[in-house]
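Every chain is named by a letter (A, B, C and D) in the order it is written, and numbering of its residues begins at 1.
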Amino acid sequence: MADVRPLTLRVPEPAVRPGGTPVFADIATSEAGAVRRPPIDVAADDIRDLAYAIIRVLDDEGRAVGPWAGTRDDAEALEGLRHMMTLRAFDARMLMAQRQGKTSFYMQHLGEEAVSCAVQRALEPGDMHFPTYRQAGLLVAAGYPLTTMMNQIFSNAEDPLHGRQLPIMYSSKAFGFFSISGNLATQYIQAVGWAMASAIKGDTRIAAAWIGDGATAEPDFHAALVFASTYRAPVMLNVVNNQWAISTFSGLARGSSATFAARGHGFGIPALRVDGNDYLAVHAVARWAAERARANLGPTLIEYVTYRAGAHSTSDDPSAYRPKAEFDAWPLGDPVERLKRHLIARRAWSEERHRQGEAEILDTILAAQREAEAHGTLHSGPRPSARDMFEGVYATMPPHLRRQRQEAGY
Amino acid sequence: MADVRPLTLRVPEPAVRPGGTPVFADIATSEAGAVRRPPIDVAADDIRDLAYAIIRVLDDEGRAVGPWAGTRDDAEALEGLRHMMTLRAFDARMLMAQRQGKTSFYMQHLGEEAVSCAVQRALEPGDMHFPTYRQAGLLVAAGYPLTTMMNQIFSNAEDPLHGRQLPIMYSSKAFGFFSISGNLATQYIQAVGWAMASAIKGDTRIAAAWIGDGATAEPDFHAALVFASTYRAPVMLNVVNNQWAISTFSGLARGSSATFAARGHGFGIPALRVDGNDYLAVHAVARWAAERARANLGPTLIEYVTYRAGAHSTSDDPSAYRPKAEFDAWPLGDPVERLKRHLIARRAWSEERHRQGEAEILDTILAAQREAEAHGTLHSGPRPSARDMFEGVYATMPPHLRRQRQEAGY
Amino acid sequence: MSRRTMIEAIRDAMAVAMERDDNVVVFGEDVGYFGGVFRCTQGLQQRFGANRCFDAPISELGIVGAAVGMAAYGLRPCVEVQFADYVYPAYDQIVSEAARLRYRSNGDFTAPLVIRMPAGGGIFGGQTHSQSPEALFTHVAGLKTVVPSNPHDAKGLLIAAIEDDDPVIFLEPKRIYNGPFDGHHDRPVTPWSRHPLGEVPDGHYTVPLGRAALRREGAAVTVLAYGTMVHVAEAAAADCGVDAEILDLRTLVPLDLDAIEASVRKTGRCIVLHEATLTSGFGAELAALVQGACFYHLEAPVLRVTGWDTPYPHAQEWDYFPGPVRVARALLQIVEA
Amino acid sequence: MSRRTMIEAIRDAMAVAMERDDNVVVFGEDVGYFGGVFRCTQGLQQRFGANRCFDAPISELGIVGAAVGMAAYGLRPCVEVQFADYVYPAYDQIVSEAARLRYRSNGDFTAPLVIRMPAGGGIFGGQTHSQSPEALFTHVAGLKTVVPSNPHDAKGLLIAAIEDDDPVIFLEPKRIYNGPFDGHHDRPVTPWSRHPLGEVPDGHYTVPLGRAALRREGAAVTVLAYGTMVHVAEAAAADCGVDAEILDLRTLVPLDLDAIEASVRKTGRCIVLHEATLTSGFGAELAALVQGACFYHLEAPVLRVTGWDTPYPHAQEWDYFPGPVRVARALLQIVEA
């Protein structure tokens, strides 16, 4: 053993840090339209290569090309554009509201609006999403009232969760949106359990699990893959790879694997990788997975390749850990711009209508905000009652909690 | 959606249950010698097929064939045979001792002796195993005193762990054997941590993690793959697939994947699958992984395909959940028989010397047992002191524990 | 009415609940085809199908996490964790998810599920088959915690737990699965068939969560116990002749504080028993509550007789277990205080 | 000697420990290049290299599990869990592994590691950025649990914890990272630079584990507190004029029972404070111990002023937090009892 050299620890680092020139050499983009579309009953083993490709529909000229094109007509694509624009404008207003002290905390979607907005349209009413904090597009695209979202963001008297939960940690059974947990990844296995329940009951509804690239390292991700693989649960397993997990780049969680989609392979779960900034590709891929699930063919793992253009949250300043201009170098562009160009190319939209649309959307949001603020914001105006803090811990309040509420004076 | 049919839950079941005729249709055995032996610096992606093959060295006539043959000469193979025979005889005696009430509990290795005995010889002194309860072959092959093992099994006055730990949950730093945990899988990520520490210190020692097929469903398995993949830790990740996890067949944990080795793929970890009842193949594969780790090339995942011929533990009766004659139908045979035939074929051994060897080994074990029993057994003779129960909770006994010990009268 | 062991009573509770409500499903490690390592689910798969009772991969996290999702869907999962010592991988799903789902979603989603687990020592199970982790659950708002001490209660409490709309931790003292073990480990084992509480009504009934049961009326001291320790308390009182009033708490959260207060006010003395380690055990809460509620009635400090602050040792099991000798000593001590 | 915030003191403790001992390594989520979301590890990677201070994937289980393996190898890992609310995925590795490794291997392997985590509320963090889970650790034999209340102690205790041969849970009350917050949330924030305990010695020193500190001498009632609640107690005493003796426990296990007993015997009254939920909180253990050890000296029941038995709400944070008004009320109540 004399010639054995000392071991060393590899600590993965992103290609560039602040001050450097942004590069994305490891995002090997496929040509739009180049990746095949297998039948939904394909064997997982026969599409292993798809976990290393990137399914794209929109080409550089804004044309929708290839076998994955065609799941949305122009009217539907326009609706998608409006959803993404709404989400972006909503985020901008709420970021401002946070800076104004009207809420404690906010998390935005900048750059990754296509993912949640398009997937929402690929599922059916009654299906259940188990989202993270970065899928408010699911609510927006489902038509959930913006005012209600804001009521929660402002923790005001009309907050549907009565001030108990953090802003943006929405919950709406009626809109197929499971209560967001502040704990990463926990909802992933719950989605599989929900899907198993649907199968147990002979229902036709399916579930969608959501997780970020960083959170795939959590144990619940594994449990979900095991259970989905074993019971062939009717669930979409979505991984939103937006390149960052607060300050750590996606290579830290990904490790020696080239992609997150590949995580499915060891479980015999078909895996696809898609351009997450391509609304049409996201929709097509999600629709494929939803059809699979609903046909009782089991789970599909989908990696959405996108980029978190904004800060992680209002508590974060990304300039401390990544180059400022990184989003400009991002090879997959801006989802709003890309869908807009597509619609303009198809003469279903124009620059002018776009500006007009932005203005209309802003008006809607401002109106919603006025309405919400009338019910109060975090530090001013009406607020949820302290009495309510004691409610909902149990279905019926047990004696010890009643005593405590009395002691508290409510 | 009118034509959508009700979903159904798939609950995997083994091909046969008690009363049925044993089959192992899903164990697709490769020909001995047929699987290629890549260089240790091969890219994980280039050997994906090896996770679906079975590396075998010993053919049906007992010849050692193919590129994986040759890591053990006859003397070493004989030594291996002796280790396996010792472990088997030790198990038989201790099972009897348990029935006689000399210990509370025992777990045997019948049918899978090759795995731990051969892997032990592929590593170096100073390396550290993080075993489960079914790798006592690591101690036997390392020359750990049988009497000491029995002292612990009998929880007697000489029990190295002072009666605190269950029988068979051994610990020996000196013999490279990490303290066994009764909790499944926890040691898997610890092995990765130990290996990372070795790399941090510029050491040359490597770690070996051990887990059963069933326990791969536990979260620690995932954490280990993530960390090993990210930090490229010098660790062997061993999965002993002995087909059963108490009453559940390996298909329950494996789910829709064909193998456990494939679990490595999503992490870019090279994965091999080996005939676990072929001592020479096990050794060769483990040596390959150990060389990789020591050359700073990172982790290897190895699935050992074997069969748990005995009961799960002395608390278990497998006839309730699997056909009695299943082991007879097991396509990979008996590891002791197979290595014996090989050595006889090479004229390095004979039936007569084998019988003689068995008798010698039994004598050694009986002598060890007499010595151990002189120090007591669980319910008779000298035993660890109650006073000792309070020791070792902390490095120094804190005041509250001292008070409790006094209260207990010690 | 029929005589049943605690295992049979628990099995019966699940069968009754599954029969009455299609939404009740049972799963866990080895619980399907095999019927559980303690046989508590034996026959359920045959009777209700693999759709309703099935084996799970070895992942307590997965089992509880999936159960939370199922409960959110509308099922009532009753899952088994093979030993309470193995519940920790599921702890996050219990604490962060099941316990808080109703609260954080304002009732939009709920988690009516039961997590059954064999707990406690006395079977030479060493540190990984002997733990009593109840205090790790009683600290968590949103959970209920139940520990039955006999077949009659086990069945009634388990049915109540399954029908409850909140997550319930159901700890089954495995040492009394087959008989009312009183801590005299050197004496022959009594079977449940010779104990009045081994009489178990057929069919559906519940023992409501949150009500203690008086096991022995007495005037000298109140003993608060649950699970196996109820029987140890009875044996100790008999052994030393102290006229103890023994309350079987049955449910730790919600707790029957009224019954506790009434008894301690009467006796003026209180001993708290559990097998778990002393520090921050549930006995601490009981002692704190009793001294708070009955301060002016107490003639002696509340005493705790519990497991020591060490892991559960294997060979020294009977030195660790708070048996009738230690309890009797405490009874004599407190009545003289 | 220099003035430091608690964040700076904690960072300094790690730097000192890493400087003195090559075996000390620091890792966790975002702690490497970025220096931690609370900046506690800022500069350590630059100074000691990525080999000694590095980012970890988002897996608390993996972080603690790897740390156990490293500790068994011979390192002294000091890892960060980003919020105490996120420690549960690592709970099994802490309880079943780190805590029992020495015991179960009879000292053959040990787990000298420190798990740092920001805890407590007061930052509008809601139920997932506000928890105080100390009681979930104090119940576990083999663990030590530390909660500093100021920069001076934080540094000395953290160095002691890193040098300790057993696993230490190190809970950092995040609300006092930047100043001695006393619960008067409507008043301007005081920085540590204006507090005497913001004076932090340079270089190496330790504050030994297991010793409480007297923060205020008094005759009327003993207040047992730790972390943020020490400052709340001081404010409450000042507000209501009760002559309270305030003990800052600093270490919960091992506990300085001698100091507690001495004080309660003197004052005859005792109030216990914490932010965690009431039931089975560490206050239960303190109340149980105090009534047990000082029964004949107590003139009133031990009172607990704690968080309510609910998840930590977001908007009602100040209704939940046991602030100076509630504490003052309890002080007045107990001295009149």
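Here is the rule we go by: a contact is a pair of C-beta atoms (placed from the backbone, for glycine too) under 8 Å apart; a residue touches a chain by one contact, two chains touch by 3 or more.
Going by UniProt, the chains are A, B = 2-oxoisovalerate dehydrogenase subunit alpha; C, D = 3-methyl-2-oxobutanoate dehydrogenase (2-methylpropanoyl-transferring).
Not measured: the values here are computed from a predicted model.
Q: Hopping along touching chains only, can you work out the least number of steps from subunit C to subunit D?
A: The fewest steps needed to get from subunit C to subunit D is 1.
Q: Most remote chain relative to subunit C, going by C-alpha centroids?
A: A
Q: Rounded to the nearest whole Å, what is the centre-to-centre distance of subunit B and subunit D, using the mean of the C-alpha atoms as each centre?
A: Inter-chain centre distance comes to 41 Å.
Q: So how far apart, in whole Å, are subunit A and subunit D when each is placed at the average of its C-alpha atoms?
A: From the centre of subunit A to the centre of subunit D is 35 Å.
Q: Can you pull out the residues of subunit A that are in contact with at least two other chains?
A: 8-9, 11, 162, 164-165, 169, 181, 183, 196, 198, 200, 217, 219-220, 222-223, 226, 230, 252-253, 255, 393, 400 - these are the residues of subunit A that touch more than one other chain.
Q: In subunit C, what residues contact two or more other chains?
A: Answer for subunit C, listing residues that touch two or more other chains: 51, 56-57, 59, 61-62, 85, 88-89, 92, 96, 103-104, 127-128, 141-142, 253, 279, 309-311.
Q: Given the complex with subunit C, which residues does subunit A contribute to the contact?
A: Residue list for subunit A touching subunit C: 128, 130, 160-162, 164-165, 169, 171-173, 178-179, 181, 183, 186, 188-198, 200-201, 207, 219-220, 222-224, 226-227, 230, 392-395, 398-400.
Q: Inside the complex, what are the residues of subunit C that reach subunit D?
A: Against subunit D, the touching part of subunit C is residues 85, 88-89, 91-92, 95-96, 99-100, 103-104, 127-128, 135-136, 138-142, 253, 276-277, 279-285, 287-288, 291-292, 295, 298, 300-304, 309-311.
Q: What part of subunit D is in contact with subunit B in the complex they form?
A: Going by the criterion above, the answer is residues 25, 51-52, 56-57, 59, 61-62, 65-70, 72-75, 89, 92-93, 96-97, 101-110, 141-142, 144, 164-166, 210, 253-255, 257-258.
Q: If we count contacts the way the header does, which residues on subunit B are in touch with subunit C in the complex?
A: Contact set of subunit B toward subunit C: 8-9, 11, 13, 17, 104-105, 155, 159, 162-167, 169, 181-185, 214-215, 217-220, 245-248, 252-253, 255, 315-316, 320-321, 378, 383-386, 388-390, 393, 400-401, 404-405, 408.
Q: Which positions of subunit B touch subunit A when the two form their complex?
A: Checking each residue of subunit B against subunit A gives 1, 4-12, 44-45, 48, 124, 196, 198-200, 202-204, 206, 217, 219-223, 226, 228-234, 252-258, 262-269, 294, 296, 298.
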